[in-house]
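A short write-up of the structure that comes next.
Labels A, B, C and D are assigned to the chains in the order they are written; within every chain, residues are numbered from 1.
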Amino acid sequence: MTQEVLILSSFLIPLLGAIVCVFFQSSRYSGKIAAGSCLLTFVFLSISLFPFLSDFKNVILLPLGLRCEKLQALFLLLTSLVVTLALMQSDIYFEKELKQENTNQKHIAWFYFFSLLFLLSMMFVFVCDNLGALWISIEATSLLSAGLVYFSRSKHAVEATWKYLIICSVGIAFALLGTIFIFSSSQYGAIEGGSLYASQLKAVSENLQPLLLKLGFIFCLVGYGTKAGVFPLHSWLPDAHSEAPAPASAMLSASLLNCALYAIYRILDLTTNSACGKSCHEVCLWAGVITVIAAALFLVKQHGLKRLWAYSSIENVGLMMVAIGFGSAPIFFLQALNHSIVKVSLFCTAGNIIQLFGTKEISHINGLLRRSPLDAVLLLAGAMAVTGTPPFGTFISEWMLLSLSFERRYILVAVLIFIALTIAFVAVSYHVGRTLVGGKIELLSDTVSIKNSVIPSLLILASVALCFLIRPDILGVLK
Amino acid sequence: MNIAVYTLSALLVPFLLIGFVQKAKAQLQNRVGASVLQPFFNIFKLFGKNQIISEDSSGLFRAGILVNFCCFAYLIWSVPWLSFSPAISSVDIFLFVYLLATARFFSILSALDTGSPFGAFAGSREATLSFLVEPAMILSLVAPSILTGSSSLERIFSFTHQVSSQNPIVWIFAGISLFLVALTDLSRMPVDDPTTHLELTMVHEAMTIEASGRNLALSEIGYAFKLAMFFGLSVQCLLHGIAFCLPSDQWILLAMSIAGIFSLGLLLALLETVLVKLKWTKCPDFIAYSLTMGLFACIAALGVRA
Amino acid sequence: MWCFLTSGMLFIASILGIILSISSIAAPFHYSLQFPIYLGLAPVEFESDTTSSIFSILLFGLSLAFSIFSPSYLANKNANELRLFWSGSLLFIASMAGVLFSGNAILFLICWEIMSLSSAALVASELLTKNTAKASLIYLSATRVATTLLALGFLCANNLFHSWNFSDWHLMRQEALIPALLITFGCFIKAGLWPFHLWVPYAYFAAPAPVAGLMSGVMKKIPIFLLVHLLCFREMADFWIPSFFLALGAISTLWGMIFALVQTDLKKILAYSSVENVGLIMLALGAHLVSLQLHVANLASLFLVAAIFHLFNHGVFKSLLFFASGSIYQNAHSTNLNNLGGLAKRMPGTFLLFLFGTMALCSLPPSNGFYSKWLIYEGLLQLVNSSNIAVAVCSVLLICVLIIAGALSLATMAKVVSVTFLGRTRTKLAQNATECSEFMIVGQGILACFCVLLGLFSAPICLYLVQILKLASFTPPSLFQFTIFSVFCIGIVYVSFLKQPKKSSIYSTWECGFGNLTRRMQVNPESFSQPIAALFSPLLRYRIKAEVSGKDRRHFPEKVVAESTTQSVLESKIYTPLVQAVAVLGKHINRLQAGSIHIYLFYLLITLLLLVVLELVR
Amino acid sequence: MISFSPFMFSFLQAIILASAIMAILMVGTGQIRSNIMFYSLQTLCLALSACFCAAIEHELKHYIVALAIFFVKTIGLSTFLFWITKRIGAAKDLGLYLPLPIAMHLSVVLLVFAQILSNQLPHLNHLQPLAIGGTAGISLILTGILFMLTRRLAISQVLGFLTMENGIFLFALTQSSGMPLFIEMGIFLDVFVAVMISGLIIFKIKHSFEHIDVTLLTSLRD
């Protein structure tokens, strides 16, 4: 009982935090309040969910038809952790922005307001059993994160927000249609009067009307795929990621994409036992492969540092789609975990670098290794990690994915992914390499302070640790 | 016994051979020419003379010449260029080729040590020639080694093989190839003219341009050894080619070998009288002949074995 | 200060490593790390066998010399560069040890990538310019492609044998052809075999000299270790696989040396020469496979021993030469041959040690480099005597190839030694060069000692290798007698003839009475190699651009400019277009992201319709 | 389920079809005010059909939904959009790629296409007479997208999006009975917020760029 109370109260904390942030708009402490409430959420969730994870119990039922299984529990923890870290970093980030007079206290308070609600909506994504509610939460995430993208109020930010809003809304509208299809597919004898509850649908999935289910899946794939940045629906993603302030980009990339992918996983999971299951899985799989390849090629010619990481997020989304296509929840989660950790670190580092050089253009960032060695190392390590290079956790998850595809006899998939990963690696190291070297040796008093790099470096270390700590029995939890 | 024979021949034959070639050439050109013993006198004279060393050179200048000399001194005692088995017998064909390369390497270095442009160009050409000539050399040695199933020079050139390995074609081609190799490697006539001066000589003489006194003497001795050894080896090949009609007595064979070496010397004199020097860029074409001979020999040898 | 501490630690670690590896030859160890460390699919396992012990002796031996040499080499670097250098190189050495002793494929890949990454970081560590970044990138890309192939091979092998442990894999079997091929090609790339060698000169040129020594000495051998370790193709009956080894080995032997000849930078020359040496080792491995298929056990073991021994020798002498290039760079501030000259008098110690390395590289007897090549020659000659005529003809050709490569390396090294150390200095910078510090001399001296010892005791070492690798025995030829004799002979002659200083005088080099020779009148590296380069001009794309200008320019030109350029056919015809193709593809795909929201919406619609139609049709 | 007159059914079908036709007509004009007008008529039809459905199925929640549509969409959103148009001063959308009449003809073609598509779908027995709702719904969705694709102004894109949303609602209403009320309301809320935020952004676009022509917003690209 206390578990449920704790979980529910962890949903209330961000809400309260958001309200407090808005009330004390001009206070300098809004950042600390926001980060603190996130941290509290994370702590509450950890306290309540860690016993559950090691438990034999499969599900926690919450009031209002919410439920939480182990995968969801893990994602909840990951999401709250990511947002916590991003908000901690953003306090430091905005400090410097304020010093440079790029923004004011009020905007920042609104930023925290939106990010806390954003966290709340993302948390709802994972506990909604009802597909309609899932849709509502995801739409809410995009509406709320629009506020984050809009933060700097510059021309570019406005443009990016507009594109983000419109494209995601249209995409999500398709997902709504897909949800309706799935709903109506359940009315043909499976459940009297139909149902939108995923757990119920899953139980009767053999009896769902196959055509409607398939259409439902395709519409949902397109809809949530738009949100997740599946090629060629990714078009909003690089713009939004590069125009949002760095911590917001970190949140978008490291948690929002997971939400959308989780939604796809949820829908695909329904089809597993039905007649159209295999073809749906294959669609998802190949969509992932195409995304990986396209993202790798996109990486070849890039001009913006944050756009680079945006495309690498797309690449990782592709990998996760492949994992989802194989129906493998453990690998999906592992990849999401590794990617999120590295991405937060990368975007935070990118934020530091962009503040230091005053530009996002890679061609104008030179001699980082001389100017700020720690950030250079972090950038390099992150770049290596994000392309699946050992000794970072991404290597293990990608390796498991590839060996799974060999096991399932999808050798072409593995080969294509390998090629794409190689291209991506070369492209990313080319771009990063350009920023590290060169430039005039000038003595600039202005360097990144150590404080800014604490969180990114801890995350990189975490990623290394993840490489060496993944045991099969940990993954067994999800099976 | 062997040691005595080789020591004696090493002290006499090379210098006599050089003197003989010069004398024969002079006679063929209707000149009187110096005495056949002139090379001995030259060597003695050089040993007595003052040596001049360039101020730019390092110790390698003298050391290189010394190593060069030592290599040839070692080879003249250990290569069966006469029909006797040699004094020190641990040389196989690859060690032979690589010892020659060692000698060459150090002579090039000592030529380059003074910073003289002459020596440098000669060194560059020497390197080029060696690159062209070594495959031919190894082929003409591999061919008999295939026949005899051994890589040791001593066993290849001993006269105690079974009849099956006495294949005249292989031996004669190998012998001719070796002779052509010798002409190139010693920078004799169609490749280079040793009697002209400076601007026209390209390889050996220009390399020793800075050497004087004792240094020059050592390199000249090395050169003489090399000449005798190469001619000796090709004579051995040719003798093996006609081994079926030769007596098996060692001393007769020794006499025939020495006679053969001098007749090759005569041939050399004749060639140097008749031929003109090739243009440098045409040298590879000439060396191609020796390579072809070597290949013929090898293919014939493989054919015999198969 | 901490720099010396670090190197001291490395020194001690190397000694411990050597002791460990020697002891592990007698008693192989297997060590598996338990809870909580795990790599997802496999545990962290370390395992030694004879091959890995042999390789680790090389690794730790070189790292020993490295630890002595490096601190002084880095004397005038700033703290930042030092930090990068030491962290990179410690990681590099540790990861190489990890690669050698890793017991399963996943751990192997992890160590392998750390090795690549740390070495790539080291490559860029000396001059933080765009060019070194480019070199590092080329190196990283090549190594990543190699990793990709290896990883694919490992996955295939796992699929076949259902295990990640190397000890469960039998890649020599017929059915494991695909993984074996993938792994082999991965190894070829990493080893820098023709036609995958292009990264080699870039990386070694840009890397700091001691690192280049380690890379060329050990890291390039790691893929060969993998090949030997897994013994790919051992039981396969096809002749085409060994012929791959032989052909690529022979081509890279020649190709490496031809390109080494025309380079004008010391480090690039050394880099290309390591392409040659890797070719030689691969050739020996190929011959090993051929003789296995012909069922000539003693010949097979001869080739394997030759390959391993040569690899050892190459590691030693190449690191020696790279170290020497480092001390040249430190004191004369350049490794470009055009800027050097006359260093023999200024750096006599380095010169002498360099000469040792050079002799080994040119495989002149009695050096160790000669001996391993000699073994290969002897083996090939015995292959000629085998029954198969095709093999026999091939062997004859291979002997020729090796001889040609040998002659080329002689020309190259003659050029290097003379232009670097002999004659007059070509620039002011080199004129002020002084001898490097004692530590650097000791570092090189250790390696030179190894060169000599390995040459001197080559036959017993080979016999020992046969014994510990449990191979069929053969009688190796011996250099001992020759060496003793030659040393003796040179000593006697030296003492009796040249120690008479009274009859010699010092004078300037003869100049045809033209006046004093200037340093610009000396031979330069291009002109030295021109005669041979001209023979290979189509391969090298060797061009001489000459420009004569001035009034009445035919006879009395005022200005003559001649410039020779070389460029690899492979690079300009194959690799550059390949990279361009990917770049063009990237550019085209970027057009999709055109910025217009209408187009984006259109993509959305098209994707939806496509999927719906596709699914309804199915 | 109780019986209901065929007249009612045909009336309902007419209303449903009318909403699709309103959308098609909307494509045909470039006047923003007329567009909004057509949009509000279209939602009015929607609200009416929800009412009829409620009458047919005797479900109270459909009445609530119908009321919500009427107040939120037909009156609320339309007024909001009118207000924006007035504030910004946008009068006419010149269209993009296709001339407006041709776009209108194209949307008729899309209606036919929608008919074909919806025939492929299975129908529940008791909703068989409402099959036309599927056609109209899909047609509305496609028309909405077409509208978005062929218009320049930001406000037109919002209108297109709203039309799509209407299509989905119509589809849901007629093809699957019994969507839970709280879901419907949640969707309403989301759409409402989305439009509000878009409105704000439109103001900002006007403020920053001094126009609301989204074809000119192409500075973010690769």
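Assume a contact is a pair of C-beta atoms (placed from the backbone, for glycine too) under 8 Å apart; a residue touches a chain by one contact, two chains touch by 3 or more.
The structure presented is a predicted model; accordingly, all values stated were derived computationally and were not measured.
Each chain gets a centre from the mean of its Cα atoms; the one farthest from the centre of chain D is B. Chain D has its Cα centroid 32 Å from the Cα centroid of chain A.
For the pair chain B and chain D, the distance between mean C-alpha positions equals 101 Å.
Per-chain Cα centroids separate chain A from chain C by 44 Å. Averaged C-alpha coordinates give centres for chain A and chain B that are 78 Å from one another. Counting partner chains per residue, chain A shows two or more touched chains at residues 162-163, 166, 170, 215, 238, 298, 301.
Looking at chain C, residues 590, 593, 597, 601 sit in touch with two or more other chains. With chains as nodes and touching pairs as edges, the resulting graph is of another kind, matching none of line, ring, star or complete. Residues 120-122, 124, 141, 145, 148, 154, 157, 161, 164-165, 168, 171-172, 175-180, 183, 186-187, 189-190, 193-194, 197-198, 201, 204-205, 208-209, 214, 217, 219-220, 222 of chain D are the ones touching chain A in the complex. Against chain C, in their complex, chain B makes its touches with residues 49-60, 62, 66-67, 69-70, 73-74, 88, 90-92, 94-95, 97-99, 101-102, 104-105, 108-109, 112-118, 120-121, 123-125, 127-128, 130-131, 134-135, 137-139, 142, 145-146, 149, 151, 198, 209-210, 213-214, 218, 280, 284, 298, 302, 305-306.
Taken in their complex, chain D has these residues touching chain C: 96-97, 120, 145, 148-149, 157, 214-215, 217-222. The part of chain C that touches chain A in the complex is made up of residues 36-41, 44, 80, 83-84, 106, 109-110, 113-114, 117, 121, 124, 128-130, 132-134, 136-137, 140-141, 144-145, 148, 151-152, 155-156, 158-159, 582-583, 585-587, 589-590, 592-593, 597, 599-601, 603-604, 606-608, 611-612, 615, 618. Against chain D, the residues of chain A that register as touching in their complex are 130, 132-133, 135-136, 139-140, 143, 146-147, 150, 153-156, 158-163, 165-166, 169-170, 173, 176-177, 180, 183-184, 187-188, 193-194, 196, 209, 211-212, 215, 238-239, 242-243, 298, 301-303, 307.
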